[in-house]
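Per-chain numbering from 1; labels A, B, C and D assigned in written order.
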Amino acid sequence: MRPGTCGSARSGGRAPILVVRATMTHVKPRHFTVDQLHAYLIEIFPQVWKSGDLRIEDLAPMAATVRLIHHPRHLRYGGTIAGPAMFALCDVALYVAILGEVGPVAHAVTTNVSINFLRKPAPADLIGKARLIKLGKRLAVGEVEIYSEGTSDMVAHATGTYSIPARGESAVQ
Amino acid sequence: MRPGTCGSARSGGRAPILVVRATMTHVKPRHFTVDQLHAYLIEIFPQVWKSGDLRIEDLAPMAATVRLIHHPRHLRYGGTIAGPAMFALCDVALYVAILGEVGPVAHAVTTNVSINFLRKPAPADLIGKARLIKLGKRLAVGEVEIYSEGTSDMVAHATGTYSIPARGESAVQ
Amino acid sequence: MRPGTCGSARSGGRAPILVVRATMTHVKPRHFTVDQLHAYLIEIFPQVWKSGDLRIEDLAPMAATVRLIHHPRHLRYGGTIAGPAMFALCDVALYVAILGEVGPVAHAVTTNVSINFLRKPAPADLIGKARLIKLGKRLAVGEVEIYSEGTSDMVAHATGTYSIPARGESAVQ
Amino acid sequence: MRPGTCGSARSGGRAPILVVRATMTHVKPRHFTVDQLHAYLIEIFPQVWKSGDLRIEDLAPMAATVRLIHHPRHLRYGGTIAGPAMFALCDVALYVAILGEVGPVAHAVTTNVSINFLRKPAPADLIGKARLIKLGKRLAVGEVEIYSEGTSDMVAHATGTYSIPARGESAVQ
């Protein structure tokens, strides 16, 4: 086994990652560790990531888990968490899953989201579990399940599509 | 013609509205003027309405127009306006249209939204035009078109469903 | 252990099911076996179920699997399977899951579906796997994954909402 | 004024259309008349268009109206028209609007549809009115309103996205 670098042309020379490659099996190098992706996101989306309300809990192949830390400003009439806050968590969780899989494609943009609000969440952290169900050259489609921390009943569910621009292009529209 | 009060049982005695009823034609009294609805919203959703970023531009039968005043915190990488901010405007515009039509049903909650992001908006105010396409006893369905102020190309489009609870009940789910 | 009947008031006296109840654990009696539900569906939706193109492969708590047998009439230009045929499979799979869970609520109607077509399916049977993510008194929300038989890449994914009428009422709208 | 032919490169030499161009104003030549588009659709989608159940009522810039003639096979339990039949009408109406605007892009495929079923339609013809709200190089987004003939209350509403392949490519996914 020997350390190597992440060699994907799509990472464009950014953020080399030390990975240990097992000689017998082929492990696809990940573009980011959680900390590296977090640092990248703070750099390109400071308004969203600098506050510390969002945390990447996990990155896995075609998947990501993001936590939205509870804050009174997310609350709405009746003590529920605002729909837009839950929408934002879905949007971010998909984006994190895509970057985790594809690399630093900062210009990837949401083209479509469909979200169902299922149950009133408790005033607690929300956990968004995203998985990509399709990753093409130009479009990624994923779904996100949102849970109140510590419960097993889904509070919201969304599917969303992202457009991933080719290098040098704006997002395909 | 004589002034009268808004007599709908559903308004529950709140906010009487002086309307002029033409004796020859029947005009359905509106539950709120724009200012009254604005005051009601500040009372029940201060986190959203106190900042002054949102303004009700117009209320009409089965319709409402809401403005989201531009602010740097809505911006994202590349100078575009965040998806969640546009989602929030759709959500609010539908809610305003429903309250304008039904009265102070503060517990009405979004159950489903499908939103398409069509064009990158300019860093300018966003105008959300909502119209209700169906208003039943328990469910309201509407669509919202979002425009950058001063342009005619839609930047986003959404359809959404709200659940309207009966008096004394929580929202039907 | 002793045999018993399905006692849910909502089944309205139809199609009693013999179940064996383990004395030590409580197994919720299912409203239908696969064959019973199939017979019920042929009775209420002959146009859909009599042709034999649809088969219930499995019923489980909050879930159902339905097969759409391939037929040339489902094909479209380029050899792909028509979107409406895939939509119909999603719709049916959710309906089957709901009836399997709730009983013979024939008047349950679809209120909303959002469907993503991900990959061109092969001209083969389609397998629709539905799971209910929420089952309330009046609304059920579920998701469906569609696969071409024998493959593991999803060809379509949908989420849908059904309105379940109370006895004697038409579907809540 | 003089007659001219449709010169768009995208029509690839098919189906020249005689148009009368006003010398003072510029009218963009349409790719198809209603009859020409109907003939093209019968050729590429005989399973859908040969039966005569579907008729193009109107083609206009960025819009199309399609009629689904009522037939007992579309009926469901309780006398309502099947969701899949209404979905198919939405899908077709968008496709017709796209071809009317772009030309014979037979490989254009639906990538996403979100549909709301609003009211139970009468057992009558359905009229689907599609308008494109965005037409990019690779993606088209439109909405469709469905009415029962002779009524003004919408029975269903959908928004959908189509992927339009570049010449020689399969649909962008």
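Observations, loosely collected:
To be clear about the criterion, a residue touches a chain if its C-beta (ideal position, glycine included) is under 8 Å from a C-beta of that chain, and two chains touch if they have at least 3 such contacts.
Values in this document were obtained by computation on a predicted structure and should not be read as measured data.
Centroid analysis (C-alpha atoms only) places C farthest from subunit B. Listed candidates were B-D, A-C or C-D; the one reproducing the A-B interface, defined as more than half of contact pairs identical by residue number, is C-D. Here the spacing of subunit B and subunit D, counted between their Cα centres, is 32 Å. Centre to centre, using the average C-alpha position, subunit B and subunit C are separated by 36 Å. Looking at subunit C, residues 111-112, 114, 116, 118-119, 134, 161, 173 sit in touch with two or more other chains. If the chains shown are joined wherever they touch, the resulting network links each chain directly to all the rest.
Across the complex, subunit C meets subunit A through its residues 114, 116, 118-119, 133-134, 141, 143, 145, 153-154, 157, 159, 161. Residue ranges on subunit A touching subunit B, taken from their complex, read 44-45, 47-48, 72-73, 75-78, 80, 82-85, 87-88, 91, 106-107, 109-120, 170, 173. Partner subunit C is touched in their complex by these residues of subunit B: 111-112, 114, 134, 136-139, 161, 163, 172-173.
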